[in-house]
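Residue numbering begins at 1 within each chain, and the chains themselves are lettered A, B, C, D, E and F in the order written.
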């Protein structure tokens, strides 16, 4: 072995060894990951994501993936000659639209995520919130049509799949008591599922670096904050509009037993591995207890 | 209780009691059901089907549902302004078409079946053949594009779900070695899965009464036949064109360990219950050993 | 299929389908059935009973059968030249009588029930209350000799048998601390066992239609009542003498965790199936919450 | 501690320690014991027997007890005014007699054995050969009526009970295909059950010291013999008449997988403990391989 | 069998039968045994001890052996030319000494115990308190060097071994937070482990007959005492110096959930068998409730 | 995040991701590692080794560590004033020496390895080959005294420990039939244990870069070879003397079911991680099938 190769090899080995205490810490823990944005659009990042999630499964963690797919719904609607309409940022969803949403989310986005994960091992199973009573909803507002708010999560199907060491991938279609399908906000679903599973962690992959103290001032990126802090941010109007559903879901999940939440930059390759298996935390961590600032970017 | 009500009640009770030996016989047995045709189109028959399958699960059987959805694919293609094209009855399937097929089968048909089953208990989980290496395929003919023939079934995901007492509902999209999705014939998939699971029974729900000795002579309905007989029918050109893929798949499954196959009339309400839990067998049963003609319609 | 046969088949299928929600509801639930009277004397009804209990087992319920056998004890005593003697309706039971009672109950009645059940599958195991400390008793009254009152039930042998999916059939001989056998009232034993098992239901098969509000006015049959109501009936002296031990045991079991009790007419063929698997409840149901009158006969 | 007490204590301790290798050897092994004769008649010996069997269970063995009860059947017949009749030593058994036999064996003898065992812990469960298809028989000879020969043993109920660490106690009533009860020879049943269970040992408790080379010469007691030797004894007419069913059953069981059989003197207190847990083998051991004479009495 | 041999056999059998209720009582119970003194030095007594412990394991108990080895440490130190030094009876333990202690305890004494046990079956596994965080300690006194006091026991490794039906044999080396090894008092470790396991019994094998009310008056041997009594003895200065660590550990273990403690005379052959499996309790039993004096020596 | 930090983070993430397919491949596989030489002497390398082995355990592999300790035996002998003597390179081992060897290996080396592993999680359990019949030996040569050759491995204790997810660390003391301890060659033990466990891999950590085609020509390092090739090397006299026991053990293990063997340079930090979890294989791999040279250093 040449000296250079030896040095390279040593560097590699140290990085692997560095992961050991984290693997030990997270073994057997459940992590709910809201997947979306650039990390889902880019073929390369999507493959990185798949590698990361499979690696988490392989080292004994229980990852659960939740995804929506607004752009894909819009795209299919337009191909079918139907113009999307929004009220206060919520898609107006008539019976035909919820059918289209289902085709786009379950028949396209969910499939692509499952296939991508299964390129690295046969672990992923696609689910819709309609399966086995997983996501129960009620109508948010008659004007929006079939847009639902989560009323209950029945995690038993997830427990069964996790017991068989499979990776659930959940498309966020919910069902009301009559069996009618609804489109549901994926950020809210991720939080509710984390809560129902008593997850160790709830992770949002986003297209920003994290949470900013003074959005959009990039210097104001917050490394760590707690649930009270997040609530203050939202109350003060300092949070960006797009971030609010995530932050609200974080707060609720943390108030109900989830240990920690993370807002990660999904544009960073292998963001999950970096967060879980290296000293370099990335993005914003939300918890009740502050770790020393020095540890964070 | 009035006399009429008492007589009614007695009649009911006897019918339930009649089911007992059949429940005992089939407890723990796996049954693969190819679902389609009128039984899927009619809302009422679909609900009957769902009740039947859930009842089979409740009394200890392991039902597995396989479905295609040609009309739904054609419909979505047309809505998207794409004209279906066929060569020798096989749909020419370019990259866009396989994506549409996936949306229609996984995002629409599979969902509808799963939701329908779960109206009667939280048991069903939707799967695509892409999940966990379930259906491996190779290209049939370059002219047809992404139309696949089954090369292997990996039933491990099905074993895991059955172990958890869930009902797998399988959309017949397959995957080749490169991860490319293919459309696959659902009749062939049902047979291959029955074979891979060592199923007790393989059931086809069709829109005819059963197999005819001299199609289309309705008097020639066959109550019971064996694999050799089926092969002779096909060889003689006496089988209807639409029936051939089912019959061929039956023969192969029976030659490879499946005990019995049934071609049932899906237009009969609760056809599965009648076949499994009453003295009245319906349709055509295919096996190696003939049961006395008197027992059959 | 002719039209008549098709209509018959459809009717059959609907009755089976109607059972599905009940099967789902009762799956895994324990039901203690006090068996006796005409349903035990008639060979035909006895076979119906056996079919019903085996069907309950097959669809996932845990039936437990409890029986006495006063007439059979009397019969064997007389054949052995020993004249039965009663004080206040209780059999005076000397050492020889308890031995005869044991032979009649365990060696004859219990055997007949077990054999009858096992005609429909190998599930039943005969037990005496002497087995594995099942029924502990103390002497009721020195004048009655070896007539015991239940002081404790040790259900562990029942749990073991139910875990192995067997049907316990219990002859109501009890044992005191010294190992002495006693005859025990079967109605009381059924209630005590239901209580010890935390059973979902306690069922008495009797030779009357149910509980009457004004015995013997047949028009006053009660479809549904709660434990308070039963106590009032007993206190008011409106209950028939033969019914009092059953009603008292019902009340005690319901006060101690059993969900519902049923007084059924054992002369109706398949009374258990009708009660458990159809909309037609029969006899009298005793609970804490009233179901709408319209649902009951 | 005085010297005498110390010496006594030491002696005791050595005897216990001597048992250790035997406990190790037999742990997890199944032993079928045919119980009868003086060991069953004497209250003291019966209690010793119960202690021995419970101790075997406690140290991890799986004892199975088989018993008949000819004298008790005769006694009950006579009390019922029915005179026993024999052809070639076999009881002529009409329908009433088999009913009486069942009452005597199941309702009296079996009960007494179960109660006796359960004085030392809650482990014993009484069974009849009618339970769960345990003993299938066919008629031996129409002149004898309901006297059956074993045609098949279904040991599944025994496996279930042993899995729950219970002690099956089997009364030798068998059942033919029509559900008719038969009286069966208990020696033959013991051998057939040992064979069906693949038992390590088959033990006959008798009222003689063992097998004699020249019956009735008491000096000719055989310490050890193999299956061939036993067959020769029978063929030569040197075996006593009462011993022949035991010896024949031994030979058949040994030819079909049982490792060893023992003919023990049931009149010796704790004969089972002596045979299983001390260096002093007693009675006659039958095997395929001879152990040095020095080891045996 | 001669009369003498028969009498001997009967005596043997009775002793074995006498053990039965004790085996039943202790089945599944955990017993921690501090092993040492003459019982360890004498080859014959050591083999008796090994037989006793293996027999306890065979009859379903969970024995755990704890040992020190002061003389062996001293011996190895002297062979290595290092003179032992003591302060207030505690060995001054520098870095080299702890290394020597480890070699003597783990590499010599522990090995000898394990090998001795495994002569009677493959059940024993040697452990040091350093294994799997078993014994956590802190420094007692800087002047003593690496002499530790137990701060915590992590019994998970013991649970794993007991679940696999193995016999843990523990050398009393502990570890502080930095991974440094310490010598620890074996009497204290035994009590702490009994407490951490929620053991049924804690047993000290010593070189005296038991605890004396007025040491060294041999007439004052105490058959039974409770924790309060022991504390009074210690407070009064009536306990011998060598006994104090044992008595203190007993009191603490009894105060924290251990049911009983025994101070046994390890010079009596098979002292454990006598205590556990015969009516003759030996030595001193310490509990909260007094058993009638008559039962004790 | 600065650009440099981001680049560093990406590099880290890629290295972790690179490990994923290897983790998947080796999950559930057993690997026997012969530990020794410089990797054991250097405190830093020893900690790297511990990290590597614990990481292997954490990602689902079953590592088993085997070690000797010749230098430590020699050292303790000399401290005890005993001069080591060798015949043909084998240590002459009298009764005192084997005792010393045991103290050095079990009480010192084994302890140090176990403690080092447990710094990173409570997983390691120290074993001697005397435990539970693990290593059975016979005397090699009377002139050498207690030097043993492996005659049998009883892996049942290892299976029990691996089932509990523990890491066995084995000191190579063996035992003959009489219970006498022997010193055994650790290279031979590692091979025999790999064989007995049906291990996926057998790894030797050495103080050289690997196997040389022409020892000591450093240019002749062999990246890959098969068992035939190794035998040829030994036969030709081209192997170094110190390497011969390892190579012979490799060949035997590979001939008996072990899939691959590796001779790794223990002086490279994290040699195990590099070999198992990166593309850079190091040292010499011995198998039956050649992987392309390009993949190897």
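The rule is short, and it goes like this: a contact is a pair of C-beta atoms (placed from the backbone, for glycine too) under 8 Å apart; a residue touches a chain by one contact, two chains touch by 3 or more.
The structure presented is a predicted model; accordingly, all values stated were derived computationally and were not measured.
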{"item": "Least step count from subunit A to subunit D, where 1 means the two chains touch", "value": "3"}
{"item": "Set of chains whose contacts include both subunit D and subunit C", "value": "none"}
{"item": "Chain whose mean Cα position lies farthest from subunit B", "value": "E"}
{"item": "Same-residue or different-residue interface between subunit A and subunit B, half as cut-off", "value": "same"}
{"item": "Centre-of-Cα separation between subunit E and subunit A, whole angstrom", "value": "55"}
{"item": "CA centroid of subunit E to CA centroid of subunit F, Å", "value": "36"}
{"item": "Shared interface positions of subunit B, touching two or more other chains", "value": "none"}
{"item": "Arrangement of touching chains [line / ring / star / complete / other]", "value": "ring"}
{"item": "Subunit A-facing residues of subunit B, complex", "value": "76, 79-81, 99, 102-108, 110-111, 114-115, 118-119, 122-128, 130-133, 154, 156-157, 160-161, 163-164, 166, 173, 175, 179, 181"}
{"item": "Contact footprint of subunit E on subunit D as seen in their complex", "value": "1, 5-6, 9-10, 12-17, 19-21, 23-24, 27, 48, 51-52, 54-55, 58-60, 120-121, 209, 268-271, 273-274, 277-278, 280, 282, 297"}
